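Chain IDs A, B, C, D and E follow the sequence of writing; residue 1 opens each chain.
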């Protein structure tokens, strides 16, 4: 099965706005968590799947509803209706084979991003889609699985650290997206460490497995690149456009994120060039290796083949071979042989073959 | 014969607007199917080739006339006159070696696209050209052969699923184009599965056929790329410009398609890089293979050539070779030989040749 | 002599607007042909080189004067004066090592293009420069040699086919340029056929000549690319700018040409990638070939060198070699040899070397 | 540990504007140096870390406060408060894994750049971050370590050379950034000398170490490129935008810097292509070397293997080998052998193998 | 010493506008030549280095002062003061490691370009910097050495050829820059001839020196490219901007130069691709050569090694080898050997190895 594109058969020709979940179901039962705060108050609780969601909102507080698991179509339908989310947008949220994007509708500003994680601690990266639906002082986040990306933000809200409790939902949206971009940089740092550390290895060894490792790393990086690139556009759009749901003061923070994502992409590109160069170096080393093997063969063959020939001469059974009867004929042959060998070694030495 | 460009000899120097069919005739007799609907009513029927087409239109319904087969010039001429399509546009519709494009004339908005299909289930892709001529609440679709791309949309119309029955012809045009873009994604998914699945194969084997397979896949992908790229421009034009025939509400759907085609192109590019990397990996593996073969040769030759030389020495017929007459001379020779062999093996072991 | 750039020594430091013919003289004596038409009338005749050219024009007819051969500086000077063409433009027309371009002066709209032709039916392409000087309802075309590119347009004028007789000189200019772009597509089709057809050849063989053929085809394509690329800009300029000499209605035709040239360039690029891929495939095949040759050598050497060694052992003349006196010693040796050979074959088989 | 990206773990999910030092601590205790001048007066002194910084400013003089060492968060916090620097900007100054940038806030124009230096005179480049905070006629520079980049400017201030004493802080900022760009050019000159000088070496030798050297040089250059590229944007922004803190007259100087940075980048790119070409040349030389080694082997083997075969023939013990009993049989064999050898040599000579 | 970047040590941290000559001194004593003309009059003379330069100007004539040699700082300082040239511009004129550029100040329009020349007629290109300082109806040209680039223009002035005597200094500036661009085309023509002519050589031979030659040619071309590229921008700026010192009528000429420089760059790029392709072809040929050498070795070894083995068998000294005593045993062995050889040859023939 293709990892980099999801099965879409079921979606062909469906009416736009039909709620179809494209992707694998990654957990059993969806979970909903609510955080509600203003400068003074703070509530954190689980929400039943069949609650009246719109009743949860509170004019005087910022409300953050996080939904883990998006395969439950009836739940998603309820979300769509309770928060009055346009069908086309809801369709994008459910289709996990989506391009990262930002969409503005009449009452919402929706950001859809990818995050990376590796299951079982191997290096095969998976992506998950996270959607941030900003409404009028509330924010809905929808994830495919229970993730721990947002925990630091929850901590900040609980502990009143920074300005987060004094700001509205638009700032919360920024803070959450910020953790995602940070996670990109962490992933790039991880990839980068691997690549920088294997540099010495690439210089020293040239095993066949190394070729495969380098190639698979490059494939992973292509995959990461595809997911990160569109985010630049998104942040740019957020800093350039005037979205009514984002307050003026929050724009500075988005500007800051723009620099962060540029830094991420440029660092990523540096490592991408490095892995390509390592592949090239590997290939050069293989050529060098062939060269070395050839030299050993040539030196051995070029020295011993002539000597064997000489021995062959005196192994012939002709009646009349004068040298055979010389008293020191045998030792003379050895003399000639050693001379030939020395000359050959000299010749290869001068060619700097060893 | 060239597959990627069609014979144009006949078109050289012809007056613009001359109706010339460039391409191969892909079916015997053209067929015309009409679907007419509004929220209440629904008609679906075959239409005779010599009907008065303009009389088929109905002010209160959306009319969709689908023509399979465009080689019948007299029919095409009739279509041109009945619907008052400008000659230059009609020429483009008939020339199947055309670039995908969108054209606006006074009364029509015409979109010309390519679709892919593979005959006989081999992997050699063919393209067909489909034109969408949007008029005043009617749409004409012209295909080269009887295709089944539009069946899901027909189903939606028949079953009143989604909003299609409540919208006008501009929405129908969007819905039809949407099925084409979906078919691109399906094709990319197919290509992607092949490429991802053969990754392991590329890592494991290095047969000569693999080189040819990889190369032919790359050629197919170049072909697909050439057909898909212009579609991005087309969709962009449709979302950016204000076309009088497209209602405001339909624009959102085109925006959605823009994301879809971007996703298609970026996924395609990911696979394009993958196939290129696979070709590179293949080449690296071949170098490695040469290296391996060389090592086997060198090890065998470097061990046995000196040994043969030693045997040769004692095969000479000199009168006076003292060693020959030693009691254990023969076994001594074996001893020396085994020693030489062991030293050599040790040497190659230290060089990590095996 | 350089084929891709023309000798310019004579032009160094000359005053701008000096009439200098840069390029080779390609015919003996210049020829001038006049076609004059309106809806009713039609004249076609040869014109003497020393006629008063301006007197040939007719207010009520469109006049097309075609000049074959531009090496005759006195003729060119006469043309310049009779039609009041600015010196700088005339200089460009005479310099055949020019970039394709469009120039607007006060009374003229001049397009300078390249056409390809191959002499003697070999595949070495030559270019010729053709200039189209549009004036007030007349057009001057200047070619380096007698060419047959314009014959189809002459035919259309003679036969009143299409609208050509009802339109003015600006339409004629479009029609003539159209034949040139068509000729580009024809050339690309020719190149494309060659490249597509040799695909199988590249897959099957790997002769040395193939490398040279592929390389020379690539060089030809670079040459074609350099000539075609600027034409895109020219057509774009013609569709975007408002030139007073071009009527509104003619703009549509230029738009159509823009699509044609884009199609030409994209098809060309497809073939350019194909030829590059073929070169790569060729190189991969050579590596494979080296690999194959090595395998044959290694198999032969690795089997027979040990066997020869064994024979060598029993060819030694030691006094005391017990095996030599065994009754079936010789056959025992054969047995050992066959065993060694079988083991080796088995080993290579398992390595899938054959 | 990764050299090209700094550990960010601690920064994940922190509130924006939190002061966190990302990077290694490069010195023990921070140092602060003050220079204050106008046309007449000049003061230079060390400042205690706990002084009231804002009291140091003087309306009639330009004040330059240089801080070496940015790991001391309490000091940084004091700086932030005393000079009223926005928290987001202060965060960027402390994060040494930042992209070079220019930021304008209400009262400050901040430029953050990278400089290169190599520790212990090896060729492994390190970067340090330097921030230039321009306020109302004062400038704050913050470095990671005690550097000597600014000494020439200090000299100019002390010696009243040029216009520096007659201009304001915005000019001082330009002068300081200028020394940084100059240091880029110096580094490029150093890299360039190495690359140009090793050209002959690359042509003459093909040791394995050379491959590694070339590769590591390329990696260093990728690193430099990543740091220098964004500076172009920064300077461009400074020349294009209207910053209230920069006087009109100073703009010309920034324009000049733009040319300098362009020159730096283009020269850098030239060397980047050169190193890539050297790597290619190296690879070609390795192929040539393999070819040479093969030729030696082939010549030796192809001459002596047939000769050994001939000797082998006459070493057989058949009862009836007529040649053995010819009087000059042995010498005849030599004759044949020499003939064979001469023919082979001739053959290889004609193939131009030596 | 680096050829592609000049030593800048002395310039680090200098105040902007300091007059420092960066580059090598290329002649002993500077020389100044004056040409002054209008339609009627013409003066040409040497000027003393200590004259009052501003007194040389004449309101009714165009004055051209050419200075050869820019190492004489006191002279340059005098020029700066007499003509009131801003210090920053004068600094650029003296720094020969500058990027080509155009600068407008209040009273001057300065163009700084590079020219190529090769000393001693080898193919190693050198650059020289030439500055064109246009003032109010006078022009100052400053060269590093006595060059002969401008002689054709002097001739035109002396002979009143073209319009040069009727136009002002801005036209003269154009005419002089034109000779420089022409010299670029001449250089490209020279490079192009070399590359086109060696094509056959590259196809026929594969000596090691060729690799080095190709590589060094590519390096030279990189160098040329770096110098020519910025000129495109300069000319573009001259055609797009409105410079008060340039008269309307002169703009057309600059437009013409734009086409010329585009043609230069595109032709250059064509040759650049050609040299890269030649390098590729060379590498392919080397692979082919390795292949050929391998084939010769394999054919010889694969035929003679088995034969030697057979001979070895019958060279053994077993007591009981029946074949040895057959009457025609020896000839039988020959028979078998010839058979083996023929089979092998057949096998290689079928593999098309020769």
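One rule holds for everything that comes next: a contact is a pair of C-beta atoms (placed from the backbone, for glycine too) under 8 Å apart; a residue touches a chain by one contact, two chains touch by 3 or more.
Small disclaimer: the values here were computed from a predicted structure and weren't measured.
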Between subunit C and subunit E, how many degrees of rotation does a Cα superposition need? Round to steps of 5.
70
Hey, how far is the Cα centre of subunit A from the one of subunit C, in Å?
42
Just the number, please: Cα centre separation of subunit D and subunit E in whole Å.
26
Subunit C: which residues touch two or more other chains?
287, 290, 294, 297, 301, 305, 308, 312, 315-317, 321
Considering only which chains touch which, how would you classify the arrangement: line, ring, star, complete or other?
ring
List, in order, the chains that make up the ring, beginning at subunit D and going on to subunit E.
D, E, C, B, A
How about subunit B: which of its residues touch subunit A in the complex?
151-153, 155-156, 161-164, 175, 178-179, 182-183, 185-186, 188-189, 192-193, 196, 199, 203, 252-253, 256, 259, 262-263, 266-267, 269-271, 273-274, 277, 280-281, 283-285, 287-288, 290-291, 294-295, 297-298, 301-302, 305-306, 308-309, 312-313, 315-321, 353
Residues of subunit B touching subunit C in their complex?
1-5, 7-9, 11-18, 88, 92, 97-99, 101, 208, 211-212, 215, 218-219, 222-223, 226, 229-230, 279, 282-283, 286-287, 289-290, 293-294, 296-297, 300-301, 304-305, 307-308, 311-312, 314-317, 321, 323-325, 327-330, 333
